[in-house]
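Two complexes come next, and they have one chain in common, subunit A, joined by subunit B in the first and subunit C in the second.
And then the complex of A and B:
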């Protein structure tokens, strides 16, 4: 490792390519922590938004009209308003209304920090899209399959969990992948409420070390990499879950 | 890549893929949903109003009156200056125009028969499709000069214009994908019959294939327009005087915590009122132009 850092340092001295974020241990540390925060944020949001999607799609099949209307209202609200403004709304408008707790220094602080609000707002945002996606999958499941399960005495939730959902997920995986990739890219917006994720840390480093271009390239490479890995993983999942007799 | 007998199914899949992205086809829009959304906004406002009544000392304006006071600023920007929600809309129009023109060219590159052209176009498309919007925005804002010198001519590049270009880049890549998907969804027979009538490839593309693609491209294209419009508040982060910035300025000027929720709700409402009809219209067109197998 030391050899590589020395090489990068020599690049700076000889050609002015300033990759300080790698060879300086302090900058490297905060960049890595930022990347870790991004990964945590992305993972939490992916899981939560998929859960919202599954539950929401189930609620949409409910017999109660009011419940359905509430879910529809939620979907339309979150789909047709900017995610950034949603995030500001959650953090700046709802955040101060929350109860405060004392931290270890005896200072009162909001119960939810910026990271938690970023997770909540991004999950709700992507969840609204996920409900639509799961619903389209649920609708694609043959009615006769549901009726057969019904006649075997499964309850509504059992039918959804054991019969409909496993088939629906397979149908809607491509659309779900698209949305989740979009969600991972949208985590950069947490920058706006000062979550120390990759973009935020990167902007700190490029302001301190004046290496905007090198930092930008690092940043873009990082995001292309995590999106690439995620897409590769989801393609594997898609292939593993493939139902014989559909598609190519 | 397509076979011969099952190509119809494949094409249907491709059209779905082209239209898919984030817009959902069979989404059930109901007037009831709209009513619920509005009820949500209204209850937010009323809750704020009630709270203001409880906490105010009678001297200050009510919540609704305050919102009314700031509304012109947030919608149209400061007097004799351009900004506010109108700037968001203008940026969205311009970015869409730039993104569409460049995206069409890039999309033609994606279906080119010359391998290097195709590879380069593919790389560009993947790069801009998979990078976060905010990072691209920073990229353009920080790495382009604030003015251009062409000979003796100095062209200033204002912040909002650079932001527009930054937003146009992902649109360009996605429009390119829409073009590719639409062209691939046209039955091979169209190409073959054009060839048998001695049309050149360029003629076939320009006079036979692309005109048929337009209809299929409109719904996903509109969907991307809505996504772009909802991304425009991002320009506030890089320091453009848009509706988001002005809302925060207004909040800073008022210094009243009970205004936070109603102010942000108002901004959300502006975007909702603008984007919801577009979404509904997109879905109508999607149904109308749906490729039937």
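And then the complex of A and C:
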């Protein structure tokens, strides 16, 4: 490993290609931590937003008008406001209103920190889209299929879980993938509320080391890579779930 | 041909003499036109800002007014920003620039920075009293608010906090995070923090703690580069010396910033000797 770092260091001396974010152990450490934070943030948000989508789409089919209105209100609120504004709103406006606990430094701190707010805001944002995406899948399922399950004595939740959802997921996977890819990219906005994710750390490095070009290339490559892996994985899922003759 | 070259040479010499004569006379020019034009900041309270009726006021405009008084001429203030202040001076739009400008070797090549410098800003932390911060040694492992891109961020994290800083794009966000208890303190220019604390009650539970690990950056006032050693440059150097010696700057700082910074107290004491 040392050999590689020395090689990268020599690139800087010989050609002015400054890859300090790799060969300097301090910069490398914080960049890797930043990338890890991005992965954590993305994974949590993907899972939570899909759960919100599944539950939300089920609630949309509810017989209770109030429940339907609440889901509709949620979708409108989160879909019609920019994610960056939501994040600022949560962190700076809603955050300080939360109960405070005294931290180890003797300061009363609001219970949710920047990472938690980023997860909440991003999951709810993508979740609102996911509900609509799942609804499109749910509505594509033949009414006769639902009626058949109903006549076999399935409960409403059972019909949704065992019959409608498995078919709906297959229909809406392409749209869902799109939204989740967008979600992963939107995690960079957590930068604004000081979540030390990849873009945040990168900007610290490029302003200290003035290697803007090299950092931009590193950043782009990193996101290209993680989104690429995610898309590859989801395509595998799509293929595995394929039912011949359905939704083709 | 020879005659042509000779004529050209005479012309060039005449032009050179002409400009030198003009250069040397900036002080006389100012007195002749009866107005001193000074570039100051209008967006950097309390050094230069606009009052409710739109006039530029602050510590630096008052320094400019004192220069005009000493010369016995009228004062005209021009609002400059960091990105155009040196150009204004080079193009002759202003005679003097007092605009919170840090003194750097590159800038000394572009404009005539007057010695001695009149001010300096260091680095300090506006710290929550409950966190009991006395210096950088107390920051280990603690969340510290900062501004993205500040020159000391790297050092601060690498040598002292050891954890990621809570850095924001703008001052208001960093201040809000500090008030909300999301960090133990906000690291920024000491003079700005001193002013903020003196000016607003919301900072009662906070202390400004100097961080001498980062040397103060001096602020220089400037004239055109060719004026540095002219009577005009010498006049400004004498004026600055007198400001320091007489305690005029201490008085102005007290009035506008709220209290005196260590650098100015030391510089004024040194000037008296």
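The definition used in the following text is that the second predicted complex is superposed on the first by the 245 of 248 C-alpha atoms of A that agree within 3 Å, B and C clash if a C-alpha of one lies under 4 Å from a C-alpha of the other, contacts with A are read in each partner's own complex, and residues count from 1 in each chain.
Throughout what follows, a residue touches a chain if its C-beta (ideal position, glycine included) is under 8 Å from a C-beta of that chain, and two chains touch if they have at least 3 such contacts.
Here the structure is a predicted model, which means the values were calculated and not measured.
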Handout entry: Overlay on subunit A: subunit C relative to subunit B, clash or fit
Key = fit
Handout entry: Between subunit B and subunit C, more extensive residue contact with subunit A
Key = B
Exercise for the section: Pick one for A:105: touches subunit B only (first), subunit C only (second), both, or neither. Expected result: second
Exercise for the section: May I ask you to decide whether A:114 touches subunit B, subunit C, both, or neither, giving the answer as first, second, both or neither? Expected result: second
Exercise for the section: For A:192, decide between first (touching subunit B), second (touching subunit C), both and neither. Expected result: both
Exercise for the section: State whether A:201 touches subunit B only (first), subunit C only (second), both chains, or neither. Expected result: second
Practice task
Please work out whether A:26 is in contact with subunit B alone, subunit C alone, both, or neither, and reply first, second, both or neither.
Solution key: second
Practice task
With the two complexes superposed on chain A, say which partner A:154 touches: subunit B (first), subunit C (second), both, or neither.
Solution key: neither
Problem - subunit B versus subunit C as contact partner of A:85, first or second or both or neither - result: first
Problem - Partner chain in contact with A:178 - subunit B first, subunit C second, else both or neither - result: first
Handout entry: Three-chain overlay, vertex subunit A: subunit B-subunit C angle, C-alpha, nearest 10 degrees
Key = 70
Handout entry: Partner chain in contact with A:96 - subunit B first, subunit C second, else both or neither
Key = both
Exercise for the section: State the minimum pairwise Cα distance, in Å, between subunit B and subunit C in the overlaid complexes. Expected result: 6
Handout entry: Residues of subunit A that lie at the interface with subunit B and also at the interface with subunit C
Key = 92, 96, 192, 203
Exercise for the section: Quick one: which bits of subunit A touch subunit C in the complex? Just the residue numbers, please. Expected result: 26, 30, 33, 92, 95-96, 100, 103, 105-110, 113-114, 192-194, 196, 200-201, 203-204, 207-208
Exercise for the section: Sort out for me which residues of subunit B touch subunit A in the complex. Expected result: 6, 10, 13, 17, 20-22, 24-30, 32-37, 39-40, 127, 130-135, 138-139, 142-143, 226, 229-234, 236-237, 244, 257, 260-261, 263-265, 267-268, 271-272, 275-276, 279
Practice task
Please name which positions on subunit A make contact with subunit B in the complex.
Solution key: 69-70, 72-73, 75-77, 79-86, 88-89, 92-94, 96-97, 129, 132-133, 136, 139, 174-175, 178-179, 181-182, 185-189, 191-192, 199, 203, 206, 212-213, 216, 219-220, 223-224, 227-228, 247-248
Completion exercise
Residue positions on subunit C within touch of subunit A in the complex are 128, 130-132, 142, 148-149, 153-154, 157-158, 164-169, 173, 176-177, 179-182, 184
